[in-house]
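All remarks here apply to the structure that follows.
Going in written order, the chains are labelled A, B and C, and every chain counts its residues from 1.
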Amino acid sequence: MVNIVPEITRKSITELIKKGERADSRSPDEYRDVELEVGVIEKAEGSARVKIGNTQIMIGIKPQIGEPFADTPNVGVLMTNSELLPMASPTFEPGPPDERSVELSRVTDRCLREGQVIDLEKLCIIEDEKVWMIFLDLHVLDYDGNLMDAAVLGSVAALLNTKIPAARIENDKLVIDEENSIDLPIKEKPLMCTFAKIGGELVVDPSLEEENIMDSRISIGMREDGSICAMQKGGEMPFTKEEIRKAVNITSQKTKELREHLK
Amino acid sequence: MIFVEDKNLVVPGDVLADDEYHTGRGTFREGNKICSSLVGLVAVRDKKISVIPLQSKYIPKRGDVVIGEITDIRFSMWNLDINSPYSGILPASDVFGKEKRELNKAFDIGDVLFLRVVDIDEVKKVKLGLKGRGLGKFRGGILIYITPTKVPRLIGKKGSMINMIKDETKCDIIVGQNGVVWVKGEPEMERVAEKVINMIEDQAHTSGLTDRVRNMLYELLGKEIEEEKEDVDEEVPEPDIEE
Amino acid sequence: MAVIRCRYNMAPFSVGDRKRPGPDRRSVEISKITADALKPAVFLEKFPRSTIDVFIEILEAEGGTRCAGITAASVALADAGIPMRDLVVSCAAGKADGNVVLDLSEDEDKEGEADLPVAIMPRTGEITLLQMDGHLTSEEFDKALDLAVEGCKKINEIQKEAIKNRYGEENG
């Protein structure tokens, strides 16, 4: 289904943003309400439900033992996957992941991986043979704009909440100790901040209405120390260098605020 | 025998009355019983029992005025989204007569129009027209979407509710029977009207709504709330009970 | 006539061992029987040439997901304002440890002797879904069916409550 935005809606939102206002009365650098709940799925070793405005994602973590990649024999594996459920939006169709879904999981994965959420070396059990593979599944329940920031925030929360069984080697045999579970070795808490460019202005945490009319989008992943760990530009129109710099500046403030939800 | 009271909330399958009553909208007869087919409020008028739904999709009816958005341009017609399971068509001949002209010069994709439902065939193909006062393309303003069944509540008795919002916000407001509302005025006032209309949608099934709407308007506009109530007219407007 | 399409889908993290995303034979079958269970209740003739999509997402599975899915889907249809003859409510009975019991848990289902999911339209008691898996004598079957229908009726009360709670107490 194609999403055609009524011309007058496009105009009224753009005019407001040019004046520094937004249709839902937020300021340009204001997030919608953020809700975060962890440990919501008993069957999952870690889980979180995150809401930004009406955007809602359920994240579940399942660990499995598998073989390491040949080029990184002593490193565990993090696999990020996402499903844009058809109930979340009339524009989401059932079937294999489309490009939006693949982009969401890849950008989330990049932010988590390069942001070094998990110390993956500690997930190696036997070099070259057995490592923990951490499957992170993003289940998008409701889409009202800005999936990426919600996905990264929820993923970090779910990973912080994850317990995996202790695995050790006894008499050359792998022993999985389900009784004694341990926390994942967390290193960093990177978060992501997304901007939409509309009418030449940048707004943070775009709503669906805003995403539907935006000229372009930039998402920035940042670690606690303010270093940048992932970026993704989307949309048909270009950015200026100054705009990107401005976005990076605001990101350091906004990710700090978002990180409060992880406490 | 009747098993429910006026304004009771009922769900599909609830038995409402026996066969001394007549079936109105939102009900059906099964044997000698009348049952509800919807989630809604019971309305008893004489011996006719109806259920006014709390949620619905817009099903086009001939003569309705609706707000539609152009989604496609074909050889000799426009396709419109009318906030319904059924899309509408506007024939080029309705706009150009017998003249041959390029359709997108008149209305383009994304344009929003105020139209009348001219005809519906058996398979719910909806023919729209622009002949009539006030019909045509909107310029400027914002759109608000509400549940179509709440349109009578938003309009109020003889337009009392909608006129109050118009007067207080100084906005032009047009309500399509399909639940699409167009509002144009000062941008701040458009947002005030939007908030109030969303509140009416949320609370359409409750009583005392007119007063709450007035208070909300005054609060948003920074006006003093008058102590004495001018009218205590707080009846749910008669819904048009048709089948 | 309108067409009802159902999609029953399990989240990868809803079960013990991660489930690979996407449909499998089980979910395709459940999707079909869910649509069949709901269809008799909906006034499909009111919406010619249209499709009603029902999406069921299992976020966590611990036995009885198809019944929970049907029960919730019918509430969602009512909530969407789609005209229906009745709600559809579903519940399973079965046999575990030699006893006929209601609503098998995951472990009882795995170990048990029989599973009998049933869906009904409670006003008339008409059955819109019936499956059986396992082994029951005809006496046990009678008992299990009665038990499942009783269970459905209890759950039907919870369905009604859920709908009414959405609109507050004042109109209860």
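As a convention for this text, a contact is a pair of C-beta atoms (placed from the backbone, for glycine too) under 8 Å apart; a residue touches a chain by one contact, two chains touch by 3 or more.
It should be emphasised that the depicted structure is a prediction, and the values quoted were computed from it without experimental measurement.
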Specify the contact topology among the chains shown, as one of line, ring, star, complete or other. complete
Based on C-beta pairs in contact, work out which chain pair has the most and send it over. B-C
Just curious, how far off is chain B from chain A if you go by their C-alpha centres, in Å? 39
Could you state the distance in Å from the CA-based centre of chain B to that of chain C? 34
For a test of understanding, state which residues of chain C touch chain A in their complex under the given definition. 7, 9, 11-18, 21-22, 53, 55, 57, 59-62
Seen from chain A, its contact residues with chain B in the complex are 2, 4-12, 15-16, 19, 21, 23, 25
Residue ranges of chain B touching chain A (in the complex, touch as defined): 69, 71, 81, 108-112, 138-143, 187, 190-191
In the complex with chain B, residue positions of chain C that touch it: 41, 43, 46-50, 78-87, 121-123, 159-160, 163-164, 167-168, 170-172
List of chain B residues in touch with chain C within their complex: 7-9, 11-13, 15, 26, 28, 30, 35, 37-39, 41, 53-57, 59, 85-86, 122-124, 147, 149, 205-206
